[in-house]
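Each structure below is given as structure tokens.
Next come two complexes, and both contain chain A; in the first it sits with chain B, in the second with chain C.
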Partner chain A sequence: MNLLLRSIRSLIKNRFAASAVIVLAIVFLVGVFAPLLATYSPADTAPKDRLLAPGSLHYFGTDELGRDIFSRILYGTRVSVGIALVAILLSALVGTFIGSFSGFIGRWIDQVIMRITDVLLAFPTLVLALALSAALGASIVNAALAIAVVKLPIYMRLARTQALSISQSLYVKSAKTFGVSSGWVVRKHVVPNLLTPIVVQITLDIGDAILLIATLGFLGLGAQPPTAEWGAMISTGWNYLIDQWWYPTFTGAAIFITVMAFNIVGDGVRDLLDPKSGE
Partner chain B sequence: MSNHDALLRVESINKTFITQSRGIRNENHAVKSLSFEIMRGEVFGLVGESGSGKSTIANLLMNLETLDSGEIIFDGNVIAASKGTPKFPYGDIQIVFQDPKSSLDPRMSVREIIEEPLRSVSIDRKKEFGSSSDVLKLIQAVGLREEHLDRKPHQFSGGQRQRIAIARALITRPKLVVLDEPTSALDISVQAQVINLLKAIQNEFGLTYLFISHNMGVVKYLCDRVGVLYQGELVEVETNERIFAAPKQDYTKKLLASVPNMFEDMEK
Partner chain C sequence: MLRLVRQRLAMLVLVLFGVSFITFLMSHVLPGDPAAALAGPHPSKEVLQAIRDQFGLDKPLPVQYLNYLNDLIHGNLGTSIRSQEPVLTELMRYFPTTLELITFAFIFAILLGIPLGVISAVKKNSFTDYVVRLFAVGGVSIPLFWGGLVMILVFYAKLGWFPASGRLDIELTTPETVTGFYTVDTLISGDTEAFFNSVKHLVMPAVALGYVQLAFIVRQVRSSMLDALSQDYYLTGRANGLSKRFLIIRYGLRNALIPSITIIGLSFGSLLGGAVVTETIFDWPGMGKYVTESILGRDFPAIMGFTVIIALAYVIINLLVDLLVYSLDPQTRK
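Right, the complex of A and B next:
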């Protein structure tokens, strides 16, 4: 309740974040209601209408097979944003679980888990994502899995650090001197303090995951044709950039706006949830 | 000093920590057959350099560590022993830790923090001291205001946070409060305020203090009796006047000589 009130208050103060929230709301609505909003089916080809310029019939023009780019971008929202959300949430769930376990238990288990994250972090994100999705086979599900794995060490480390500092904190020690149950300690002290930075990290990572999905799609490792997916659309579209500028441009703009909005909102969430951000 | 006056009796307690690094066993006798008594209503000071076992004693008293041998008797009941699981009187003994930055959960409001110890005391006591008007009276007693109750710890200075920690310790109306270096994380100017607050609420609430410190100046100002701790052993227990006027042990003399005394003026 308090949090909702504070969020609204901080949004009124921060117009920039407020507009990003509105953009994101639109993106989500577009994703959910794509079938209602789309003027054409995303997969219907029309050879005689190929590569038409934007106009009243086709708002963003058509591609090399005569498919409506506007409708394909709308449907692409579902794929890109949906898969990014699933991948990051999966990664955060598994990573937080393993990481906090590692931090609370400590000893050799902690050592083993942390060396595994070291190995994962040694690879550049994109290279590892490419290698994984190539090894698993080119499909959108495998791309999501690859992104989840690539993002895993971040959540493991974050959760571990938090778990360590919480378990050694004086407020947990104080709670023990009051004789409260361990269930209460977990509910009131551990979970809220553990989850806050995780939530912030999730919002910051979604934008990154959308970019990764698009990159994998662009390289042919993500969504396969004829799925409407932003990265795959740009992959064919960039050949037409000189003569049919609208083909990759609108798709790229969709990626840019969505990722940007997620990043701004992520920063806003961080400021909001950080107990040290003053009022 | 007959035994029935004693609120807390610590009888030849021992605590050894065993650590193992690279296969080498390391034994650290943190507390060695230590005995002392704290009388009702007095302020008992426990002084010593860092590593002398002060905080281990606090942890043992608060049931955060288990004894290797010996007994701790509080108000006539055994509360800690090496064998069995004695009942710990939660709420009757409270502790104020050194660092109020870490001892208050950053995600809780001041009200939640202060009311937390009430969760494990009897319903009668909760009724008696736990109403919101009681909480209000309490925070006013420690020098805070009503509007502070809904704020978070990060919105307060170090001294104010320690006042919150003190209010939290007092909510259950404890008989004994363990003060584990309550001022050493604070600015010098704030230290004096907090010490004076501790002195004032001791009279108001009829408290007994175990005051753990390495600051001899503060100890001289606040404590009735002082025990000097050196490497886990009590080397000297004396009244305030005697320990400062005529320290018997060489270690006590060294300790007295090493600390600048900022509270000397306050006594006058």
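Right, the complex of A and C next:
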């Protein structure tokens, strides 16, 4: 009985994660095949078809310039998810490099680098991203850069802690005692042990990065019109909320579903690797 | 305790120096032409040169930084391009408004987050647990601006339960400013109608903003509660026949709350970031709305001033949380 109950539960739990993975797969496919799936061009305006309600011609309706919202959301996947991925990967790469360097070298360099992370963490994430994008000038590339900077301290600290504990671990010490070259140690012990927590952090951060990109776009600091980016679309769409509810609603739902899927997968990956939260 | 306060204050000063350095980089180094950024749209050559002279932008960067630091210490955050008023004066005017919003958002997140976290831990891996956790993940997945819009669509446009914008209906008189919190000021002036009206205005923005932090609180309380419930004292209590409810509340919750307070406290500061979006959507006249309007109006000094003040508020709030946690924990209290 108990066993049956437990397997049913784990099935529900796995179904969560499994459906999230399926959603993500669909999101990626949509991004890649956007030109094939789109029923209209995302940029073509049609003044006499403006603000049409959802129907068989325009699945999600049209916007104030008569552009097809469904097609714009499909193309927007490339921008929003793509840019978020690039920003996080950049941040993880640079942060891991600096952080592990800091952990291995130690001494004053480590102190300085850690104080830098303190300072970066002294701003609420969104506020720092907002100020950086404003300073660099509003564009999607600068928004991505800002997000990479904002996420940097997380990876620096994570990599540093890992590097410290790995370099102090018994297996690395004994490997050194046996005269194994440090290149070998780094490749065979340090990198694999460092990678797992970084990858977990990346999966957890992508959802957040998509939200940040969209929020900057919404505030007018990210993608500029006429780029089909989710946040920027809602930024113009919310003026039409009361009478043309479909305009911001479908676009927001696209963000919500995508980010939710990333977060559920991220949580699942973390639980999988964290023995404490297991059954 | 006193030593800790002194230590933390020293750290605070160090961090604030760092913060000033970053905001300096953002305002003086990153923009291609800082003078153009300060001048606003379409400045003439003479205006640009005047700004360069006024702010010493032709001087070497270290000199500029010292000048900048001197200004900051004297509370000079520059002048808003749109209003020509000192940015600090404007921000101080909006600060209580934002503080009221994030306070209510925080209260909402705690009142709902702690019980949900406890239920989720007690009913670990049950259907209830999954529903609670899914609800919590929703909080960190929903774009704040869109969540707010959907709420307006449903609770204002369709159902008409709550007002969608502002702090008070226009036909009601604004209370005399004492605290800057309308909910408090209306009570002081004895205007109960305005009090209930201001609470009504707070509901939607506070819920939208608080929902994001709810997720972190539920996750944290759940995990500390799971820890507490697997301790020997809980099992001993159960073996001695004490009721589950008594043990969960009296022992489990009390022990689970100590590690959670840090996360819960930090979430208060994080609300400052979300307030930018929430205030814009709900037309809440605080610092967040001020900064989005500044972005639209390309009012660069206002954006940078806002960044400095928010970082300062964030750092101070987190310091207070830190000291509070420290004084609450019996192990570190002495």
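The criterion applied here is as follows: the second predicted complex is superposed on the first by the 258 of 279 C-alpha atoms of A that agree within 3 Å, B and C clash if a C-alpha of one lies under 4 Å from a C-alpha of the other, contacts with A are read in each partner's own complex, and residues count from 1 in each chain.
Just so we're on the same page, a contact is a pair of C-beta atoms (placed from the backbone, for glycine too) under 8 Å apart; a residue touches a chain by one contact, two chains touch by 3 or more.
Source: prediction; values computed, not measured.
Once the two complexes are overlaid on the shared chain, A:17 sits clear of chain B and of chain C alike. The larger set of touched chain A residues comes from C, when the choice is between chain B and chain C. Look at A:171: by the touch rule set out above, it reaches chain B but stays clear of chain C. In the superposition on chain A, no contact is made by A:202 with either chain B or chain C. By the touch criterion defined above, A:88 reaches neither chain B nor chain C.
Using the contact criterion defined above for the overlaid structures, shared-chain residue A:223 touches neither chain B nor chain C, since it reaches no partner. In the superposition on chain A, contact of A:214 is made with chain C only, not with chain B.
Of the two partner chains placed around the shared chain by superposition, chain B is the only one that A:184 touches, whereas chain C remains out of contact. Once both structures are placed on chain A, chain A residues 279 are touched by chain B and, in the other complex, by chain C. Across the complex, chain A is touched by residues 62-64, 88, 90-91, 93-95, 97, 99, 102-108, 112, 116-117, 119-120, 152-155, 165, 168 of chain B.
Interface of chain A with chain C (complex): residues 9, 12-13, 16, 115-116, 118-120, 122-128, 130-132, 134-137, 207-208, 211, 214-215, 218-221, 231, 234, 238, 241-242, 245, 248-249, 251-253, 255-256, 259-260, 262-264, 267, 277, 279.
Interface residues of chain A facing chain B in the complex, by the touch rule stated above, are 169-171, 173-180, 184, 188-189, 192-193, 196, 275-276, 278-279.
Residues of chain C that touch chain A in their complex: 11, 14-16, 18-19, 21-23, 26-27, 30-32, 37, 125-127, 130, 134, 137-138, 140-147, 149-150, 152-153, 157, 223, 269-270, 272-274, 276-277, 280-281, 291-292, 295-296, 300, 303-304, 306-307, 310-311, 314-315.
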